[in-house]
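Chain naming follows the written order as A, B, C, D, E and F, and within any one chain the residues start at number 1.
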Amino acid sequence: MSSLRPSPIAPTVDFDRDGVQHGFLRLPYSRDDSAWGSVMIPTCVIRNGKGPTALLTGGNHGDEYEGPLALYDLARTLDPKEVSGTVIIVPAMNYPAFRAGTRTSPIDKGNLNRSFPGRPDGTVTEKIADYFQRELLPRTDIALDFHSGGRTLDFVPFCAAHIRPDKVLEAKGFDAVEAFSAPWSMKMLEIDAVGMFDTAAEEMGKLFITTELGGGGTSRAETVRIARRGVLNVLRHAGIVSGAVEKVRTQWLDMPSGECFSFAEDDGMIETMVDLGEKVEEGQVLARIHSVGRTGVAPHEIRARMSGLLAARHFPGLVKAGDCAAVVAVLVG
Amino acid sequence: MSSLRPSPIAPTVDFDRDGVQHGFLRLPYSRDDSAWGSVMIPTCVIRNGKGPTALLTGGNHGDEYEGPLALYDLARTLDPKEVSGTVIIVPAMNYPAFRAGTRTSPIDKGNLNRSFPGRPDGTVTEKIADYFQRELLPRTDIALDFHSGGRTLDFVPFCAAHIRPDKVLEAKGFDAVEAFSAPWSMKMLEIDAVGMFDTAAEEMGKLFITTELGGGGTSRAETVRIARRGVLNVLRHAGIVSGAVEKVRTQWLDMPSGECFSFAEDDGMIETMVDLGEKVEEGQVLARIHSVGRTGVAPHEIRARMSGLLAARHFPGLVKAGDCAAVVAVLVG
Amino acid sequence: MSSLRPSPIAPTVDFDRDGVQHGFLRLPYSRDDSAWGSVMIPTCVIRNGKGPTALLTGGNHGDEYEGPLALYDLARTLDPKEVSGTVIIVPAMNYPAFRAGTRTSPIDKGNLNRSFPGRPDGTVTEKIADYFQRELLPRTDIALDFHSGGRTLDFVPFCAAHIRPDKVLEAKGFDAVEAFSAPWSMKMLEIDAVGMFDTAAEEMGKLFITTELGGGGTSRAETVRIARRGVLNVLRHAGIVSGAVEKVRTQWLDMPSGECFSFAEDDGMIETMVDLGEKVEEGQVLARIHSVGRTGVAPHEIRARMSGLLAARHFPGLVKAGDCAAVVAVLVG
Amino acid sequence: MSSLRPSPIAPTVDFDRDGVQHGFLRLPYSRDDSAWGSVMIPTCVIRNGKGPTALLTGGNHGDEYEGPLALYDLARTLDPKEVSGTVIIVPAMNYPAFRAGTRTSPIDKGNLNRSFPGRPDGTVTEKIADYFQRELLPRTDIALDFHSGGRTLDFVPFCAAHIRPDKVLEAKGFDAVEAFSAPWSMKMLEIDAVGMFDTAAEEMGKLFITTELGGGGTSRAETVRIARRGVLNVLRHAGIVSGAVEKVRTQWLDMPSGECFSFAEDDGMIETMVDLGEKVEEGQVLARIHSVGRTGVAPHEIRARMSGLLAARHFPGLVKAGDCAAVVAVLVG
Amino acid sequence: MSSLRPSPIAPTVDFDRDGVQHGFLRLPYSRDDSAWGSVMIPTCVIRNGKGPTALLTGGNHGDEYEGPLALYDLARTLDPKEVSGTVIIVPAMNYPAFRAGTRTSPIDKGNLNRSFPGRPDGTVTEKIADYFQRELLPRTDIALDFHSGGRTLDFVPFCAAHIRPDKVLEAKGFDAVEAFSAPWSMKMLEIDAVGMFDTAAEEMGKLFITTELGGGGTSRAETVRIARRGVLNVLRHAGIVSGAVEKVRTQWLDMPSGECFSFAEDDGMIETMVDLGEKVEEGQVLARIHSVGRTGVAPHEIRARMSGLLAARHFPGLVKAGDCAAVVAVLVG
Amino acid sequence: MSSLRPSPIAPTVDFDRDGVQHGFLRLPYSRDDSAWGSVMIPTCVIRNGKGPTALLTGGNHGDEYEGPLALYDLARTLDPKEVSGTVIIVPAMNYPAFRAGTRTSPIDKGNLNRSFPGRPDGTVTEKIADYFQRELLPRTDIALDFHSGGRTLDFVPFCAAHIRPDKVLEAKGFDAVEAFSAPWSMKMLEIDAVGMFDTAAEEMGKLFITTELGGGGTSRAETVRIARRGVLNVLRHAGIVSGAVEKVRTQWLDMPSGECFSFAEDDGMIETMVDLGEKVEEGQVLARIHSVGRTGVAPHEIRARMSGLLAARHFPGLVKAGDCAAVVAVLVG
């Protein structure tokens, strides 16, 4: 019944109009400091006649920057004359989180990527999810959602698509990942995909790819270049932007579930014993957690549960029991 | 008159006793959640007979990790039999800041490295400074204070000593920096040295060296190895630990004042156009600041005011007007 | 099923007892600072035999003061001998918000006027809504709910009733508004009435009127006099209090949807170019938003989308993108 | 449908393995300061072959200490050779609340003892409740859940079981309470048992006993001794630990509903006129609330609504309208 | 000695250069979220050859808007060709407070107008005061500092100068006030002038005028027009801007000390019984404070201690014991 | 020089007028939520002709209740006809702390009892200290300042006076302590008396006694009775109130410095092994600190450093490294 109620979000752009439009998704949000206030999510539509529709998104988590940097840039520079079809750019999906520089929304602590399919009468974050679920995804042919590690994780830069039951769609996803041309490419099998944007798109049968392009709540010149090249390559690959894909050699990886993750069981100061992209052997010490209340106490060791390459790690210098300390991935092919 | 009053800090270690002691500097701190509470600063003394005294410190700023990691490790592993003289290790000087993972103290917002000479009846941070000023520095021959960029800056890893009026002491400082053997070495001329630990030590005529070994509020396996090697090298160089210095080639840099710093004049999302250690030409765009309230707006550009190498940069993805965006250093020799 | 569960709220007054009772709606609220605590909502019942029941409410939003001022006064001074029937006075419905001086509840950020019909096992705000929905509204014949603009909006003072499908009830509403005798009277068509107290009352077929009597989180002597006169007039009009309505000439207004609202698209300092009650022409600049990060930058202009009179405006000196900047209403009759 | 989804909690212990295991219930919790973080709830399993299973819990509310003190101690010292069956010890059920020293969780303000049966896709607190509901309670024969008054209430120390419709189970509960051997024992009739752990256990037909062993957010040597003796007595009584129950004389009490509770109607400074365990007569002044804004103002008096003994009272020196000021219980037998 | 140390503030404008410059006062401010950050205070210099210097300031308190609105506008529109001499415009002196919309600085809770003469090594607010004290005031001939009531007070709009011992300077001040042409003009005798910007300027023998142009944390179109006209009038009066003063009739007022102020002695909801600008008689009830914890309680009355006109009042609907509730002024001439 | 400036505090009572006056010390305090606000410290003066002056104070720390309870009561009930001389009662000296229920002031984190002699131009807390220092203490003959343990400590109830160099004054102090007639009496030798109210009074040669009457942020009926009896006894003993001292047997204690205090060196959950007033032997375990991150870890033990009686202990269930865990006192006489 809830699904019958229309979204409260009012776009100031017309998704069916040709040309370039810079506008907003306006989401009414009454609160103590603005009785009749709204959240204004910047949105750009670049359309040129018939053709497929790409939905390009960043800021699903608010502390990840390669995607927003590439997408604000693309929105400002993409010439509609180069386009065949429609490019919808939402560079900062969870805009309240993005403005705060935090993974989740400061309004409701909502993790947008665990809030799908959302609710039109839910929290601000659920209302955003619902709008993508019911308004934007249905008009999308290919979706590219940029992620990085955010303030608390760091990744080797990769583009990824999911293992999917429909092997035709799966293959199309891997092709799009190849086209993106990140240094690494990942075949992902999500352990818990409930509530993800990815899942929402895939359950509608959409082509969906994503990335992890670094982390730490920053970006590097190199990772932004990867993002900028990648998004244009994907639009070219999809036939929406003219020109050939700029191919770069990529190394495929696999993150088999369970054993690749190592969790901290203690609070303390963490010491990475291996840097990202380095090879590791099963049983090797990946990280040590130092107790800081006294000197003279031996650190706790966290060891690799399988051999491979260090694909991700906890970023901040302090760690809490339960944090993911390290992720080992396996080289493929 | 204030200086006549004794420090309220009570050490639980005896700086004149041989052997290894793991204890605390106990600083009484009455507060709402502990009427008769204290701050307990972990402190280790490793002494073996007569000889020079080294004061090794980390956590002067609470979000910098290479120093604490090397020093907790050293405190746990250094055998007094290898030592001739005294090694005083305070791996987390501003311990409240260190526990919070923040540059300044959560108690009083004190920046310890701008609080010298401190006051025995001042804030908690000023009491810590006063204890180093009046109790620890006077018994020190050589001081090594570890820094990194913290959560908001990132540096190419270097060890540094100051340009000093006493050229004999200056030369000794540069020798110790060479001994440390970081990839880069810096001859530093501080623009504003008021309140620094460095200044306090140097005004007493002590040998003082410092570092910037990375940043972002994290550490890497590589930078921690630099820190660990460096501290042992300095102790060997000073004759306190036996054995030869493990020399590695270092590249000297200079940060001439003023023109090497570029400040943001706008709030927004920052894009580094150059990565750390890369060469830059005067006038080159070092970074761009993107306005995020709308798409379609041209970014503000920040250009290099001199040629050199990108030695440091703003780390987080968001930037505020007034933040230092980039630092260019000049290659020497 | 949830509706079968009784409300946890226990009133300390008996709504069926004659005379004056000053008591509370006690709502159990266990929390960190009171394991067995409650919210105590002041409630007054003044009853004299049979006759209609009026439910008089203020503090639906906690930062609006004309209603509470008139109602605490009425509760203290209304002589039951003047009454025929029952007057239920809840001068501060969302009492936690009222004590905090905020629109929404500090406990759960609940906007009471978007929380109907509420839930007996929901948040504190939802429990309050549920009690009005299931206990107080069913025994009500006429409800008067006082509003003003609160801390972030300012209105010309008016009394209002809704356009309703049942034209007999609608006419009764407009008659009651005329009786209230505010300087302005409004025929309201809500765009989004979901969750409102108004809607809850009207769906039960109750006579319901409301007000907007100023704003800014304050009140003026003049607007409180309007409120005091208005509530007595309504009770007289309803035959609950003896005596004739004290009629004052009112000007009817209409707020046709959409075009009467102007929203800010930028953050900054807002400058109202028109004062409340002044006439405006379509296209006229209603407000300007000044960028404050630098001097020398042209402000953004917000223009009227229709002609009429400035009926409401954003109150604080700073504004955020998405805030309602101005409301234009049309003079009727 | 929600109930079909598995719990996201992953235990690191095997409840069916013999011996002593010290591990965790790991509950994934993604948040701003740890994208891939978890809550780690310490859990101990001590098993020795077949036999009944006891579930021993503390920290259901995070500011109650007798239970956690007795249970961390028991987990460390109970020899599996003394055991016949299984002892599951979760000394700090609502671990985030326990670490914060607060009644409810700092993450979601969840009161665990009002969150049953919980939800696998709900808040962190609801996920904990769900895990006990669906995983731990089903394998339990006898549950002992420790409570005390927490920071805002203080109790005479008692063990309690509920009046239950099944009189066989009720009698078994009272027998277990006798075995616990606290100074007082209570036959409890809950007025509002919705959402309680007790109710969840009893609805599955489990033997369930609980305690209130003091309060004020502290513990005393005496009350901890009561807890330690009690838990061993209950395990002996259940035949899980060998040896005879160490019986101590207990005095039974009854808390008949309604009249035994006295609530404050005013904010102020509270003065207890009677100490815990003292006799009171109906009408006697139990407490006074002093207005503190001025001197010279008479305090409000709170009087006993029935005769009995002061069994509980508001603990902090300040009180708010709506707080439970005092509870009178009746001596039984 | 402290005064010998130079200000850490670095202006990006040259106060001696002809033409229009839009720049900043850059104040280094190292903090947790920016190790090498700064406060950037927007500053405009408009200079045309020799002639007197006017220092025009707003945002001394951060929640007062008429001044900033008039000054950002003036900075953008004043043509240097109209100027003879120098106009220095700092529209938001306490810029951190201004950005927060608060009276005092969110950084250090500093009330800039009680922080003079300031300190170069003090808090951020003291550093701002010091810069005005030692750098800007010495080069000033006439200073106009805009104030309004801010979020918690409301005033009839007036311009004011102080009673000064030097009657020549005093007369010049009153002439400048006449030139400003606000509806009301005030001869002010400060009771406690310690730390004020006014005092700092006057002790240097400068011509200094100020205003109170409304309040409530907002502005009205009318009061902004007064501010805009006033500042131009003052520049014309000083011979810095060409053209005749646009004179408007003003009514002079006096605020004799002590008896004109009425303070609340109780917390509660305040009811203004008189509106701004209305006449009052000694003994008349100016305001009532309603106790809100219960209905049926008589309000506390606050009475006028002298006859005159209501010149200022407490603005928010809630009041605390100790707040100034009302100010009565006397009509002069 | 600072001392020449008058206090900003304005009393609304006249300390030289006969009869009972209930008023305030009004301390101007401008802040964001009240531009012209004040702190209002309730103050009562009861005077009857010539005679000595007693200054009776509570709430020096804001979370200690026996003193305020006895003093609000005394202010309301003491008949001036019983008095010879003057009784000044300030039941809540650090009124902002008292209203917050915290040891220190929420305004400035000031610990009033470490703020003497204070400053008229300092923080709010320093201004309060200055007023007592320069206005109230000089007119005092005997001062009684009530303390208890507050929220984080608990004491056996005692009255105390200091060891003083002037043995005549010391003896008078011990006599007054005897007159107070608490169950325990303490001869106190302060280790660090800098900044205390006690010291301020004693340095003026005043008779000064104090108490510790319990703690935990609560009070008991018994301890309040001790306070009420004590204050009247002291007034009788001083000849200010007529009638004989109501003597009760007291046991004298001594807290010899250093060895009587035991500090925690670890964070965790604390277990008191001894209750207040119980005898302890040197070396006995006074408390244990349990690590709570895992089960199965041995607790840290805190042992008595001398024999005696447990006079005070840490109150909350959680403890931090550096907290005072226990205080042992020695029985005297």
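Following the convention adopted for this analysis, a residue touches a chain if its C-beta (ideal position, glycine included) is under 8 Å from a C-beta of that chain, and two chains touch if they have at least 3 such contacts.
As the structure is a prediction and not an experimental result, all values here were calculated from the model.
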Where chain C and chain F overlap in contact partners, by chain label: A, B, D, E
Label of the chain whose CA centroid is most distant from the centroid of chain D: E
Most widely separated chain from chain F, with each centre as the mean of CA atoms: A
Chain A and chain B: spacing of chain centres that average the CA atoms, whole Å: 35
Separation of mean Cα positions, chain D and chain A [Å, integer]: 43
Gap in Å, rounded to a whole number, between the CA centres of chain F and chain A: 58
Chain C residues counted as touching two or more neighbouring chains: 24, 40, 63, 265, 293-294, 316, 321
Pairs of chains in contact (touch as defined earlier), listed by label: A-B, A-C, A-D, A-F, B-C, B-E, B-F, C-D, C-E, D-E, D-F, E-F
In the complex with chain B, residue positions of chain A that touch it: 20, 22, 24, 40, 42-44, 63-65, 68-69, 72-73, 75-76, 89, 91-92, 98-99, 101, 154, 216-222, 224, 269, 271-275, 278, 290, 292-299, 315-318
Contact footprint of chain A on chain F as seen in their complex: 265-267, 293-294, 321
Contact set on chain F toward chain E in their complex: 5, 8, 24, 26-40, 121
Chain B residues within the chain E interface of the complex: 61, 63, 102-104, 109, 111, 114, 149-153, 192, 194, 261, 263, 265, 314, 316, 320-324
